[in-house]
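Pasting a structure below so you can have a look.
Lettered A, B, C and D in written order, each chain numbered from 1.
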Amino acid sequence: MTANRGMGEAAAPYTADEMMTVAASRELRDGAVCFVGIGLPSEAANLARATHAPGCVLIYESGTVGAKPDVLPLSIGDGVLAAHADSVVSVPEIFNYWLQAGRVDVGFLGAAQVDRFGNINTTVVGDYQHPKVRLPGAGGAPEIAASAREVIIMLRHKRRAFVERLSFVTSVGHGAGGGSRDDLGYPGAGPTVLITDLGVLRPDPETRELTLVALHPGATVEGAREATGWNLKVADDPGTTEPPTERELELLRDLKARTEAARGGSTRGTET
Amino acid sequence: MTANRGMGEAAAPYTADEMMTVAASRELRDGAVCFVGIGLPSEAANLARATHAPGCVLIYESGTVGAKPDVLPLSIGDGVLAAHADSVVSVPEIFNYWLQAGRVDVGFLGAAQVDRFGNINTTVVGDYQHPKVRLPGAGGAPEIAASAREVIIMLRHKRRAFVERLSFVTSVGHGAGGGSRDDLGYPGAGPTVLITDLGVLRPDPETRELTLVALHPGATVEGAREATGWNLKVADDPGTTEPPTERELELLRDLKARTEAARGGSTRGTET
Amino acid sequence: MAEVTDLREAVAGLVHDGDAVALEGFTHLIPTAAAHEIIRQGRKDLTLIRMTPDLIYDQMIGMGCARKLVFSWGGNPGVGSLHRFRDAIENDWPVPLEIEEHSHAGMANRYVAGASNLPFAVLRGYVGTDLPKVTSTIAPVTCPFTGEELMAVPALNPDVSIIHAQQADSRGNVAIWGISGIQKEAALSARRAIATVEEVVEELTPHPFQIVLPAVVFDAVAVEPKGAHPSYADGYYDRDNVFYEAWDPIGRDREAFRSWMEQHVLGTENFGEYFRSVRGEGMVAK
Amino acid sequence: MAEVTDLREAVAGLVHDGDAVALEGFTHLIPTAAAHEIIRQGRKDLTLIRMTPDLIYDQMIGMGCARKLVFSWGGNPGVGSLHRFRDAIENDWPVPLEIEEHSHAGMANRYVAGASNLPFAVLRGYVGTDLPKVTSTIAPVTCPFTGEELMAVPALNPDVSIIHAQQADSRGNVAIWGISGIQKEAALSARRAIATVEEVVEELTPHPFQIVLPAVVFDAVAVEPKGAHPSYADGYYDRDNVFYEAWDPIGRDREAFRSWMEQHVLGTENFGEYFRSVRGEGMVAK
């Protein structure tokens, strides 16, 4: 469990991770077709489905369309994803007929590193041929970032994750900013929001640079700047995120408890 | 029912069409994967399955693999084709993953017109823009002709069907003869035999011109020449086709009787 | 998300004059009810797309709905010619019909490209045939890795695609079993999609070789029992070979055709009425 | 036509040193039994192809079977890194490992092209990422109709593909239900194909989202109950999350890894023995 970093001394009745997940879940509108990564994105999307967006259609890259997991999947192809899905299709179909075809409203992505334009690295830290850290690689992220109508990124706010320059661009956000993403010819609009455990960042309408527009309760601009590896742009008057409601917290904890029980008490992280 | 044209006065105990179907069925070896057109090809392939080739795998372009129809299908997508099939796949899959992939040993085709190199017309007679006769068109034939390892053509021997020059090349046989088919880059070997109601034609090993190599019992070289719109090449010593065995005839007639009964007594032709 | 509605509303709202329209169903599950509704509503100038134009396109062409046909095999399967189709091509009756002619593999891959949001598909075919001489939508493309030359065909993206399926569930997910042909790609390549179904069931159950198209694929789902007649719906009814044969003399004659269409299609309110009308004439197998 | 044989014979006859080998199964139905048999038989210099190299490729890489890996996501799902995979890339242990890295969409389309006997596939992707800088098998291609530039990737045609499925019928037709991932394309793109199955049944019955791969696709079908453990087989057993987590400390340490592999994989005759061996150590969830 992440400590309540940056949330002040008065212990909040929720963790920073919970705030992050709740804030992300609220971004998903009911009825949206949502392409979901495992871990935090899956947690947020399923919380949305349990709260305000029961009609959203969750797609996992294993080919499940309209997945309705009762516990959080540990892998992208868990049986719970197929069990009550509207349909299960092949992997080529999910990427070609659904994602590339423009049928996905929202792509929900995690990351290892992000830069100020929402470009994502999940490949290597350091040199590609002789990496300091070899990460899992691209998976479905590049094409989710390319073709989903919009992208929501979730990432814990840390200096080594929010970097001035990515070691490797695995998935394109707003490229070099401005109109550079459009020049690449991708149909989707790119990242429209980055939710961290400290606050909410949205791209500037002109430069497309991610800008801190809201802080979670207890988080500070200074804390956010410190946890960012570039000179963080902050909105003139950043708002404050509405704290999790009792219902949101209850449903989220319920979901996680059910998940742990189903996994035989495993408490290992769910992020990949 | 076709008359016993060219079969001499002593009424044979079988029709010329029956001889043609039986002769064609014998070309199919057991275990072969066979892509089948409706009509005469389907009749011959299913006779083969009932006689010497119970293990052949019949594919119809509607997506049925390993079809085992108990009556002859009237259309390429009849329910009898799916009922006991090994698998049923989509139309793109049948053309891309099966035919184009080189998984088909034998393509079994009918035709409206054929030329001396086994090229096929099923599109128009006369000018394309102002046709004398508008035929159904290509269907699956061009790619069957292109990609099946070998092709068997069945066509009743008539001067207006065996033409000097096709109005339209719908499907490629041996092109302009010689090595011209190879130059087109097609993986399959092209037509290895043309079975008519008069005899059997095979391509010359060098020129690839179809050559009459066998006559059905009662048929004559003169009859075949008369029914051919080009100067028919005849082997030095054309053989005689083994007449249908009692078992072949019985099984063929049984198949056709079951088919008619299932169709509510329809006796319309099955050729398209 | 699919709305369960009636077919008249679905066609009124989603099929417009001048649209490129694909009604698919490969021998199995041909959407006859939807074709009739388009005829009843008098749509004009349609580009009709279909691998195997058969009775439904013969009827739509004969009634003057179409200005263009994109296809790969046009016949009355097991019977012979489509006479309205031939009359339009050979004699411009009732209006001229432009044609764009491909092979099955070409058409299938054009739908695949359309469903994949790609501008073209690649295949091994057409070389050495006369099709590229008469069809402009065939062009060579070179493999950037091997240098090999292959053939490309452009994507099909119909304005609206219509399919018939056996069932929808209560959420609007659509199930087809048995031969599913090109319906998945036809529906997914289209800007708008309509499904007619034999019935709506609470929950789908597995059937042999079943595919399920999720509700979000469709703009409208309408219940039309027997809606694929005279083709068949596996699990519901057989192919009506008698009707296919009975169509031949009707389609062969312009006047017989017009009066048959006026009596049975234009003269009825919906497919149920139509079906009782043709059954009354003995055209339907028992 | 598939021959029902045992896995040892199938691997001995169909998998050779130096082959390009794809073992597929997208989280579901990962062919662990087959991977172990390849390790037991000491295959070398393999090009391993797989969208999501996980424990089985971690083990094959750590045992020195591979000289190259073609992949799109390499991790222990829900747990973390594949340490043998990382050790090979970062430290060339036990032998150097060349990598060819794509995205999932790229890999999936490479299999599709391979299954279709086309030299390349086209997709919208890669542009603006660093993947084309490090992966030579990505190249632009231009649409001959629209002039639009897209990305091409070359076909994958493994020498041999291996999948695990729930059932084969008595004729050798192979059924997968639930998540079927990329298995169809993996099997159809290969020169030779092997299926391991949970069991052979007389006749297949329909299951939700089932696909059937005809017997002619396979060169060998072998019965290997539990053969996908620790992944799962819908209808037979669940994913063993305990095992995935227990793997982490074993894979992390070279010696622990070697001795574990020697004891449980090299020290057993077949997958049944192996399974009893690891269950005896409490690594398997009840």
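Quick note on the criterion: contacts are C-beta pairs under 8 Å (C-beta built on N, C-alpha and C of every residue); 3 or more make two chains touch, one makes a residue touch a chain.
Chains and their UniProt names: A, B = 3-oxoadipate CoA-transferase subunit B.
These numbers were taken from a predicted model, which means no experiment stands behind them.
**Q** Looking at B-D and B-C, which pair shares more C-beta contacts?
**A** B-C
**Q** Counting only Cα atoms for the centres, state how far chain C is from chain D in Å.
**A** That pair's centroid distance is 40 Å.
**Q** Report the inter-chain centroid distance for chain A and chain B in whole angstrom, where each centroid is the mean of the CA atoms.
**A** Whole-Å distance between the two chain centres: 58.
**Q** Using Cα averages as centroids, what's the distance between chain B and chain C in whole Å?
**A** Computed value for the inter-centroid distance: 28 Å.
**Q** Of all the residues in chain B, which ones touch at least 2 other chains?
**A** Residues 87, 96, 100, 147, 187.
**Q** What parts of chain D, by residue number, touch at least two of the other chains?
**A** 117-118, 123-124, 148, 184-185, 208-209, 211-212
**Q** Building nodes from the protein chains and edges from chain pairs that touch, which of line, ring, star, complete or other describes the result?
**A** Shape = other; not a path, cycle, star or full graph.
**Q** Touching pairs of chains, all of them, please.
**A** So, checking each combination of chains, I get A-C, A-D, B-C, B-D, C-D as the touching pairs.
**Q** Across the complex, what residues on chain B touch chain C?
**A** Of all residues in chain B, those touching chain C are 38, 61-64, 74-79, 81-82, 85, 87-88, 90-92, 95-96, 99-100, 123, 128, 130-131, 134, 136-143, 146-147, 168-172, 175, 181, 184-187, 263-264, 266, 268-270, 272.
**Q** Where on chain D does chain A make contact in their complex?
**A** It comes out as residues 26-28, 51-52, 71-75, 77-81, 85-86, 89-90, 101-105, 108-109, 111-112, 123-131, 134, 148-149, 178-182, 184-185, 208-209, 211, 232, 234, 238-239, 241-242, 244-245, 285.
**Q** Okay, in this complex, where on chain C does chain D touch?
**A** 117-120, 122-124, 137, 139-141, 143-146, 148, 150, 152, 154, 206-210, 212
**Q** Under the stated contact criterion, what part of chain B meets chain D in this complex?
**A** Listed in rising order, the residues of chain B that touch chain D are 31, 33, 55, 57, 65-66, 86-87, 96-97, 100-103, 147, 187.
**Q** Where on chain C is chain A touching in the complex?
**A** 1, 115-118, 171, 173, 184-185, 188, 211-216
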